[in-house]
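Multiple structures are listed underneath, in structure tokens.
Each of the next two complexes has chain A plus one other chain: chain B in the first, chain C in the second.
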Partner chain A sequence: MERRDFLKATVLTGATAALSGCEKPAQKLVRFIPEEDLVPGVATWKPSVCTLCSAGCGLMVRILPGEAEVVRGGKLGTIQMGLAKKLEGNPNHPVNQGRLCARGQAGLQITYHPDRVNGPLRRSGPRGSGNFLATTWEEALSEVVSKLGEIRSKNRPRSLRVLSGRLRGQHGELVRKFLKAFGAPPAMVFDPLDEPVLRQANLLSFGQASIPSFDLARTNYLICFGADFLGTWNSPVAQSAGYGEMRQGRPGSRGGFVQVEQRMSQTGGNADEWIAARPGTEGVLALGMAHVMLKEQLRPHVQDNATRLIAGWSEGLPDYAPSPVEEKTGIPGKRIERLAREITAHVPAVAMIGGLPLAHTNGLFSALAVNALNTLLGSVGTPGGMFFAPRPPMQESEDLTEDGNFVRDLLGAKLDGTDVLLLHNSNPVFATPAAWKVRNSLAQIPFIVSFGSFVDETSELADLILPDHSPLESWLDDVPESGTNRAVVSLAPPAMQPLHNTLAMPDALLTIAHQLGGDLGKALPWESFQDMLQDSMAPLRTAGGMHPPPSPEAFWTQVQEQGGWWGDEPKQFGRLASPHGRAAVKFTEPQFDGEESSFPLHFQPYVSQAFLDGSLAHLPWMQELPDSLSTIMWGTGVEINPKTAQRLGIEQDDLVEVRSQHGSLMAPALLSPGIAFDVVAMAMGQGHDNFSRYASGRGANPVTILAPVQVAETGSLAWAATRVRVSKVGKARPALFSGGLFERPSELQSR
Partner chain B sequence: MRSIITDLSLVVMASVAVSSFFLNRASLAGSFRKRIAGTPQVFTPAHPTVLDSAREFLGWRDNAVQPLAFTHKRHVENQITCTACHEGVQQSAIAGIPNIKVCMRCHALFAKDRPEIKKLTAIFNSGLDLPWQRVYGFSPSAHVKFNHAPHIHAGVDCSTCHGDVTVMTVAVRAVNLNMGFCLRCHRAKQVSTDCITCHF
Partner chain C sequence: MSHRWGMVVDLDRCTGCEACVVACHAENNIPTVGEEQALKGRAIHWIRVERYYEGEFPEVRVKFQPVLCQQCDNAPCEPVCPTYASYHTEEGLNGQVYNRCLGTRYCANACPYTVRFFNFFNPAWDKPLHLQLNPEVSVRQVGIMEKCTFCVQRIKSAEVHAKMEKRDLREGEPTPACVQSCPPKALVFGDLNDPESEVSRMTRSRRGAKLLGELGTQPKVTYLQREDWNAKNI
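Then we have the complex of A and B:
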């Protein structure tokens, strides 16, 4: 054979494909599109899971061969590989049914972010200085192992703590197993967007501490108390789809929709009727309607567990007659009567509560009141009503204790004995009131390890940063809690190979566990997270969804191909467990921090459509997403009613100071008629000190000036319980609005 | 009146283009995108400077600078077909610029002692790819989409549009791919000359 022929043969058969095996060992474990199947210019779509909020939507990722800029061995250069180019919704996924919100689409930018941590880092300056030096994975992991070995040999396993965001699916299970086997306390969860008050209320009313789902597609009338369910709350994509069906999907029948809130959200902007009840009186309004329904016998007088929690229910709610309700809520009694009649004339009707109404000191009462209203409307677990999504029949480790609560441990001084803190997917330094001094408490911990992909306000305190893969580069799983009536486990293999020298957080934990050995090694026998996922999915093979059940191998392949497992469509909604007994509750006035005389305005931070709690502020696509009501972009403003502004001598684009008893911030004034006279509102998410080039030093963070007021029953932050005063301090740099002359801040215009 | 306005705007456009051309030559040696000090930060969303937009309007581009002195001639002499490396050409809109693994299929074994191949091996070992620069291609404002595969299936020879690479070392832009060039061939072969065939 001549050399030429050999060359040809090699080129034709790709016989030297063995060469392509020169990659990091971690990359061999995962399934990518084989390189020889990648054709330039031809796209492949692979399933993935959106991890940006608690909805847990399914994704489809468009993979195309392309060039990416990376660092290898300290040198900047390009590599050619299959790259994720576009994210869309997974059409087969029961939660989002092929749709995807703007935040989900922007998730792509996490992978290619120029400020991503592209290899393990060790702190080099004083703590919090933000100075880090590159290190190797061997050194970094062995340092963690030796620290953990040290506290184990000193017999102080309880001095290891984990601080994490949402812990769902096998990610959560792995962390729980790790901590239990090590002997450490349960992970401290900190997720500012969780609804602990709603969970507590649902536990009391319906025996299930879950966030509900809503069958909006079959509802005729929706009354929503404060939840921005089309923008940010719960499962916004699923709810938007149901909402579209309710309003326009049924010829001849357009569902009615009333929104109760003090600052008009995107959702409120869609409502037929927008009602600004006084802050903290939403529950009174709900019971006021219930009173009318009972008095006029518009609905059968239901007596069950949910209604028994409301004092005076069996007597027909005498305390909630229209006139006292008018006095408390500021809503005319006639209007309440009309609404009650309108709703009952259009059953199935449903009431929803979420967001700000639950962030008052009496939030639990409001939630219980809405639960009772739903019960009266006969819309619990019925078509067109609310229900709880079924749980997938997976083997849950029942002997594991529940996750801890960061705020409770922080305020209870339970962080004091901590020697090692593992930090994952959570930024409490940014998202808690300055009055809680989270930064100081965390800075006292001797050794902090962060698994973050970005340096942020919390992970800048870390001694070691062990960067996680981006979501598109990782094995992902999630168990959506709401948004569908089917049991769902979202699961997907990595869509692309890792760009940088990173290691998936679950694999890092497994490596650490195996190196520590002993009980820990035994409790976590899996070689990789992929194996753990495969084992966890096994019980679902025969649990429906696929008929007849495929072979175990075929099942595992099919799960990866379709982006998860979902059970059969149930014939009816699941039954509710029997609830816990509790004494009946009465309305109590919400408590606000600050005297009305010196702090006359209610301060309402709201969840940003673009950044949620601030965790997405580093994505430039989200920065330039105009707010759907004010159209502001690349910044924040203080929303204030024009009449209030006039009284205070404030004009559009004036720089104003918002002062609470616990601090102050400055931001441009945004005059907005869609807000109550005694309320000022501000989007969360901006005002980062250190969170990539796009978010750092931009706008102001409303959470910092909040009063450290807690909801008594859950200990969670009552983030609507702060009063402020607003004063003009000068002229602000004009805020950027969509459609303006400039849509990008000047410092970024050349990019 | 209308023609005066047109003339005026052409004169303005030309003078802007000419002055920025000289500005460019004086201050810049290479990159298409580099900014000139003193020009405004944003000219249009698509172009950072006036110069860039004028250059694109007039179709001026710098010659590609390649990371290696790759010789097409040598490879063709060894009877390696175009499709062996430009793998997408028969299936896809894009022919594809081969990545370094394609090079290493052969050069892990052959011509290892040549200086350029040593450079190639060093880059491969560093885990990076070759930053090839595109030689052909259309500017975005031309709004034209070209699809390789149907042309190849219609029997159009690669050299029709890319010149005779058998005499080239590093590929150069041997053919000016303007609309007239495309249309001549489309008319000769009696294939569609509808606007929407290419501009969609």
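Then we have the complex of A and C:
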């Protein structure tokens, strides 16, 4: 929606829906449009927060009255209520500025999904059978309380573990406080889309274990190593907005864009120059450019923190002269020289890295190399460059780095002593290689509680499912890490009443804490998550953004009305802390699983434009969205270069088997000119065994056949380090979008 | 002053992200047809992003091009309709009157842009997905042609609001759902009758071209060509 509509948007406060049979106090506390204010055909817009990826965009939700069948107090009935009809970007939100990506808009279908868990469930068949029976909240919660009471009385508090997706904002604080007061280890976080290698590199180079932001609107030249920053990576809406301005926002000055990757992504499709360096040599290419810049003195010779980490920097990077770099990367030395001259002739210029290059065993080297290149370009913390977004000045009781790492604990056998596992917003059984046997490890845990809204491959192992509200039915908060130069807290009250007999996960945790009492009750004194949110925001009242600071009550109202809090626009980008870097790193050859002779092709899974890591595969809008490059709908394909396919006797739409040392899968072959001869690629996200009627049994999951190779420095999965062989096994019928003109755009006629 | 609605698609800003596609689905109650029907080419997307590969690896390039109804001034779909279901509105839109349409599909045959879609079945939403439906847009039944309307419900709503406030429509008002969502602001919408509007200004751009303009359809959508990289002399 546009800004002026936003000003008209009404936020209604104080009224409580007079719904008989509300079971939980939390359902009575939330604020809805009172029934008498619902006017047929008149829309209201309410702020909300997109929780589908790490960007943390602000939403506006279009609410119209309608009739919905709901269960209240065990009875099914039809009530008049405000229903969310459409999600748009919040025009005042500093990250997405009123815009919203395809996935964010499809988030509406989570609330109305026919396969949502519509009330608490208890497992009734053998574990993993998917058989559950309905139970009541009283019984379900008291069962959790008694299990936790049991392990507390046996003095085994460390046998409680939490496994969760991204844990940011007060959702994260609540979980941390809960676990600390209980005496349990920190939550294990598993988010396949996080970039632990980039965090580690930025900690070493710049003293910040964060994902950077980019001032693309003011950059003249961007070289991007692998990151799908216009599609799925980091903060795609904010980055797309900046990209649009970089191209056509400054009359007479159009920024250039070079993409380095082996399989053309949606982002790469927009590049002026597309470069397929050999897999795992992206950092070499970056240093090859730096070598030329140093040798020809194109930039003042920098010797600071980020560059000191690179071995041989002060000698002018002798190992990265054009000819050895050409040998390693496969990119002609002349081209590297030209790129180096071009980028320096167009400062402010910036380099970006993310995604596949960081998923090689030498990913950390590549990230450090790009950090050093940015330093040499003078683009760290400067207009048109990269920077780190400021953090809101909130009280954080715990250090964020305290969160545990699921993969480390899994592989370190630290799950063995777990008696109770609480599962929230994460599906590691689907999103990890079969070789890690996550399912087996989790199945050993005596008691698993899931807060999931859907039965998926991981939550089907649960003994109890305590379904969370959908995001639009919940109090939401998030602290975006990137995408803006202002400190931001996204926060919003529920946009609509719950449709089903669900309970917000934070309120369920608070109820459990209060029933357990003792230290837990003291550590979590809030009656509801709403109270906790309100308290957490108090320090921001005088921290800028609103001038003069309003009264505490007016502040809380205003935060809810605008969908969060954002600080003032800083005059310059934030200062960087002192770096932690010590050792000087050198290029090491990336390691691949599988001998080249029997597994000749690099296997590159990539984050799906529609489904991300697979967490959105249950949404019909996303299933029927044609992939930007392959145009496939309702399935997955194996992208392969036509020349390679011809050599292997494979044609378009053949069913092929992709085999690694660790498993195999079958999918249709999609012939694509935008992929290197020795690479095959597959989108993540399909291949669910059990994830709603729309995703189950559809397509194949490339992650299952990955080799369990890790990036040594971070322990994260090196998901680009698997080699495969591909062979034809039959015929397939991929659903490709048939709409199209078939003429080439270059043949467009002028008037 | 009467309006003449038009759009500009800046291909130099478009990234192929397809936010517009989902925005259109959500706004206009476009049914999802499922894999079987999609295989038969019956998926419905009033706006789509076409992808064109040029060249061979490694010298390969991609062009993205969003295509929607071009709202032609000289529309091939209109004169072929035996029931006047396809007609030209006073504001220049290629309208489609659903309850006149009897599904001859002549209009789809005539349209060179393949932006008209036929409902082979009555649309269905698994409950409670039907709650997502926008009450301001009719759900099309079996046997009906449908197509992009430039979000006529949003246009009408903005016009009514302006009238209630006794004023003219402002720049940027109304906004179709695709234009509203577009992250890089590749889509611009407005009144071509107002020479000062952003859409009129951009329509006059050197980079402007009409899709299949040589056919004489006189589209009201203008495509601004992607520019080539032009390095400074080095």
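The rule we apply is simple: the second predicted complex is superposed on the first by the 694 of 751 C-alpha atoms of A that agree within 3 Å, B and C clash if a C-alpha of one lies under 4 Å from a C-alpha of the other, contacts with A are read in each partner's own complex, and residues count from 1 in each chain.
One rule holds in what follows: a residue touches a chain if its C-beta (ideal position, glycine included) is under 8 Å from a C-beta of that chain, and two chains touch if they have at least 3 such contacts.
On a predicted model such as this, the values are computed, not experimentally measured, just so you know.
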Touching partner for A:L133 - first (chain B), second (chain C), both, neither: neither
First (chain B), second (chain C), both or neither touched by A:G41: both
Partner chain(s) touched by A:A583 [first = chain B, second = chain C, both, neither]: neither
Partner chain in contact with A:A413 - chain B first, chain C second, else both or neither: neither
Partner chain in contact with A:T78 - chain B first, chain C second, else both or neither: first
When both partners are placed on the shared chain, which of chain B and chain C touches more of chain A: C
Overlap of chain C and chain B interfaces on chain A (superposed complexes): 4, 41, 744, 746, 749-750
Chain A-touching residues of chain C, taken from the complex the two chains share: 10-13, 15-19, 21-23, 25-27, 32-35, 38-39, 41, 43, 45, 48-58, 60-65, 67, 112-115, 126-136, 170, 172-173, 175, 177, 180-186, 208-214, 223, 225, 227-232, 234
Interfacial residue positions of chain B with respect to chain A in the complex: 35, 41-42, 48, 78-80, 84, 87-88, 91-97, 99-101, 104-106, 108-110, 123, 126-131
Partner chain B, residues of chain A touching it in the complex: 3-4, 7-8, 10-12, 14, 16, 19-20, 35, 39-42, 65, 67, 70, 72-73, 75, 77-81, 742, 744, 746, 749-750
Interfacial residue positions of chain A with respect to chain C in the complex: 1-2, 4, 41, 64, 66, 68-69, 83-89, 96, 98-103, 105-106, 108-109, 112-114, 230-231, 236-237, 240-241, 243-244, 247-248, 254, 256-257, 264, 266-270, 272-276, 338, 341-342, 345-346, 499, 609, 620-626, 628-629, 631, 633-635, 641, 643, 672-677, 693, 698, 733, 735, 737-741, 743-746, 748-751
